[in-house]
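Heads up, there are several structures right after this.
Okay, so chain A shows up in both of these, paired with chain B first and chain C after.
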Partner chain A sequence: MLDSDLLRLIGRRIVGLIPVMFGIAIIVFLVFSFVPGDPVTMLIGKQSDVSEEFIQQLRHKYGLDRPLYVRFFYFLRQLIHGDVGISYQFNRPALEVVLERLPATVELAFFALAVAIVIAIPAGIFAALKGGAVDRGIVGLSVVGFSMPNFWIAMLLILVFGTTLKVLPISGRLDVTLTVERVTGFYILDGILAGDWEVVRSALSHIILPALSLGIPAAALIVRLLRNNLISVLGAEFIRAARARGLRESAVIYKHALRNALIPTINIVALQLGFFLTGSFFVETVFAWPGMGRLAVDAIYARDYPVVIAAVMISALFFVLSNLLADILILVTDPRTRGVR
Partner chain B sequence: MTLLEIRDLKVYYYAFDGVVKAVDGVSLELESGEFFGLIGESGCGKSTLGNAILRLVPPPGRVAGGSIYFQGEDILQLPEDRMREIRGDRISMIFQDPTAALDPVYTIGDQIVETILAHNPEVSRKDAEARAIELLKLVGIPGAEARVHEYPHQFSGGMRQRAVIAIALANNPELLIADEPTTNLDVTIEAQILTLLDELRRKLNMSILLITHNIGIVAEYTDRVGVMYAGKLVEVGRTVDVLTDPKHPYTRGLLGAIPGRGGRKGRVTEIPGTVPNLANPPPGCRFHPRCPRRFDPCDQEEPALVPLPGEGRMVACHLYRRLES
Partner chain C sequence: MSRTLTTLREDLLRFLGGPTVSYMKRDPGAIVGGTIFLVFLMSALFAGVVAPYDPYQADLANSLQPPVGFGGSWEHPLGTDAIGRDLLSRLIYGARISLSVAAVSVTLAVLVGVSLGALSGYFGGLIDEVLMRIVDFWLSFPAVLMAISLMVVLGPGYWNVVAAMTLTSWVPFARVVRGEFLTLKERPFVLAAKAIGVGSAHIIFREALPNTFPSLIVLSTFQLARNIIYEASLSFIGIGVKPPNPSWGLMLGTGRQHILDAWWIAMFPGLAITMVVLGINLLGDSLRDALDPTIKKKLGVVEVQ
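Showing the complex of A and B:
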């Protein structure tokens, strides 16, 4: 039953993804058609010695001199072939530009999620089980944690670990003196593949602070949620029944209470992962992290809408994928969701 | 042979607005193999008494005094890990709502197997699974071989309660505490479940402590009955004796409240007044404000449980103390 449920779920999501991607591309295209300013003006910037003729040439090259409905038609035709257009800033296919930045964002998202889970799960269990002052302390910290914007956490971390203690790098993904052959684009993985431990060490030390900046607020949210779920599950009748069956307290808590408490937490964790994967502009900016979030925001300023569309489409894809992952995990952990059409 | 002896048990809930004396000095004996009914209104302390036997009174409740001897050993004095060995092995419990009592994310089989393994670590998982199927057959679940792999939500209400009973019987307990096991089930299923419990009691020679507010099922299934009111045991005796010739005015009132029997000309009578607040119970006999036969000492002196003629017959009422002296 589980297998057929999984196939049905995955199939349905992939089919559902197609209209979502098209819809998003069209919305972004249309929004950018009405936003003041155009790519060519942004591209030329403050240079004053550009002739009007050259501007017209550029506009013609990118088709910007055509009426909106014509451009829209061309855009749709491209889109059907999986092409969102050429980046005005880079003069290369926009999708290629975005995909190049993707590994940085994905690598950071993975570590941020690891930070969030490693902090949140033990802290949530501890708060729920200990109660009293320990619980209030952890809940208090979690309020502080998710009240702080992540760029603010980033600045604090830089101040403490970067400029005061000088133990961790605060900018970029790798020491400028190092290079690694780009295989996967994930520097840590590429370092391992190349057997270059210097690169691995450097990449790891660069990722710690950005991962903490993203992971701490997420951890704070997950702690609260897990603690509340666990406390409510611990009050459930089946927990008392499990004790009445003479199970060890560890089995009562970790086998029965925790699994039930994790089910509603999975969705929120997936949502956080979705946010991480779309790239955090703030954290990427503070740490000069060459990820997708920063690329997208820069592209918006430059009115480089093919890049924006590509970035937004990739983000949407990641959101759908992280939700799909959550649904798969829930299907595996909660038998009540199986066999339901 | 006496299986369980409760002496002067006190279970109090330490709430914000005072101490609620849910069980206040109850003494009771259970014989090996007997079907004992504990009856009373909601909130009289009967469920708390059942939980106290397993030492699973939910906080802020606590056993405040007394002792519970199980086969001669005071289980209130046992360390927690010894008590755990007794739960689900020698004393089992089944609950009012089978849906809430089963963990929704594990199969019925898993929950039986883990109960067996918790008390018999030497048993292999395979043998435990075979035993799980055997137990499901014992409690009358058709297609046990397949259903052992199903989850609680795939069972109907009655089947779930059978599964809960199977879990409770997993280690052949000597005592089964059944806390309103049929309240959430419809009447035909209720009869099936109780008949099943009675058959299993005979077959496995265990005692059952049935906690209920339903006099009908007490009359039909139990050997002896205890009547609780406001945290006190007010009357105890053989079921036939108590139900045909109730002594305590509260028991009489209860029986009068059953449709189709007692009362004036077949009419249902009610007990006037309401159940007292157990944080601040009335002085003397707790039933006196509602009692049609109260007299002098009732609002001052608390009546003790005294023996009456008849097998194991006891009542806590000043009317009979006067008779006795």
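Showing the complex of A and C:
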């Protein structure tokens, strides 16, 4: 299964990520050094009793009094140590602030992925096999699904399930009356670890709507892809051959056709993970979900650029990693791609 | 140059005429999509005539009026917002912002992407090396993040959104054109043109470029849909178009605060975005099927966007 060729290929891809991440870091630094407005001024805000000397001290502390190229090399050196600066809002390392919020975002991404898979795989198979009006209906719905902005789906869901039916909570990760010891940062997992079912139930009910908001457009995309793949595979020679050999129809579909149709689908599913982490900038804002996306949006308003930079870098890293995962999954599941390079 | 442009336009019309149109006339998706798109395009173009009110005119006496059917009157068919502005009028003017940001940015992205892609695919060498590194890099950096970062730096504003959209959407065009040029330059008709001493400019514009039109047209429609959603997303979190402009994304952003007491403020702009994007997607699907059955392969990742 995992032969040495494959491992070498994967290794090379991982090494290839290093320059990509550095490239991203450089662009991010350059982009953010052209920001008008000095963060120290923002930090001090409307307080007028601050001495000029203190402002200079602050500027010096954050390295804002040096020329751009000096700050760039300083930034690069820090980056190697995993340091992107100190958050002006929290007065702590920005990366630390962002990483604290990461589990909330990752938990949401995984649930969104689960939603997408649970909706898309059966619907895609159903559409391809039934054909006719069912097929047209599902394909039509899927086009509508990926034409909707995710933050609008979020508001629709809030309106229906939150304010009209009043069956699901519409903000935060947990009822305000509950707390759970933070072990992994994933509340559902932490709840299970603590054996506190009330927490698990509450965390699950809070995650459903945000996960649907992110998952529905992804499901729409996957349905169409799976359906198209399955239809084209079902027309292939080897399927005719399998039928001619007298295989049961269910065996033809599930063992032969579906397996082949799923390979390219897996790739897209893995890519969606990366899109969830970037899409969460908007969905988290709607649901007051205390994740990285909302933190970043708040940091944008506060001009807390180290936090914005850290959030952008972490999201980009996840995006790159999910691309890598997608490629690896293709290599593992489709033996035909092995000999390519 | 003007002669080249005229002939290019003729080539483009040839691709869009005849068989393409007759295919799309028989495709219900194209008819539905085309109708929706036309309705929005017309309201954007003739907003001044169609809109019943001034989209900026506050009327505090009539604030938060519900739409017709939910306790409202035909005075304001879709209701009013927190300061009494007519929602329907704002939506109609909003179509201008949405469609024009997307159309201008896609046009600019096509110009940049096609030029770089054509040069790089046709001449190869150093240009190609540099471009491909940029493309690799761009593909590994999520476009939404790039757009957010750029908007943070540039600050909100109409032209800044156009700039951010252009910078994040030229890469797919460059990639597709480069890929097609790599194969086109080995094709007999291009080799023949070279052999009889036709200049590079003529070969690029007259021989090779028209062959990329099917891919470019389809890619443009999908990028158009994408940029409409992006503009709305950026405006939604307050770093896109500036208030009081009636951008659909901005309206959604303010509607969020009224989701409990005045749902219509957020619902209708979202519906407008969905409708126009749906229309464009349906048109794009149909164009893709009509223009070239092999196009899916050439465009590769487009479906993932």
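In this section, the second predicted complex is superposed on the first by the 321 of 341 C-alpha atoms of A that agree within 3 Å, B and C clash if a C-alpha of one lies under 4 Å from a C-alpha of the other, contacts with A are read in each partner's own complex, and residues count from 1 in each chain.
Just so we're on the same page, a residue touches a chain if its C-beta (ideal position, glycine included) is under 8 Å from a C-beta of that chain, and two chains touch if they have at least 3 such contacts.
Source: prediction; values computed, not measured.
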Fit or clash - chain C, chain B, common chain A: fit
A:9 touches, of chain B and chain C: first, second, both or neither? neither
Which partner reaches more residues of chain A (counting touched residues only), chain B or chain C: C
Contacts of A:189 with chain B and chain C, given as first, second, both or neither: neither
Which superposed partner A:325 touches (first chain B, second chain C, both, neither): neither
Touching partner for A:178 - first (chain B), second (chain C), both, neither: neither
Which superposed partner A:279 touches (first chain B, second chain C, both, neither): second
Chain B and chain C, minimum CA distance [Å, superposed model]: 14
Contact set on chain A toward chain B in their complex: 236-238, 240-249, 251, 255-256, 259-260, 263, 333-336
Interface residues, chain A side, partner chain C - complex: 20, 23-24, 27-28, 31-32, 34-36, 143-144, 146-149, 151-152, 155-156, 158-159, 163, 221, 224-225, 268, 271, 274-275, 278-279, 281-282, 285-286, 296-297, 300-301, 305, 308, 312, 315-316, 319-320, 323
Sites on chain B touched by chain A in the complex: 54, 56, 58, 84-89, 92-93, 95, 97, 100-107, 111, 114-115, 118-119, 151, 153, 164, 167-168, 170
Residues of chain C defined as touching chain A within the complex: 136-137, 140-142, 144-145, 148-150, 152-153, 155, 225, 229, 232-233, 236-239, 252, 255-256, 259-260, 263, 266-267, 270, 273-275, 277-278, 281-282, 285, 303-304
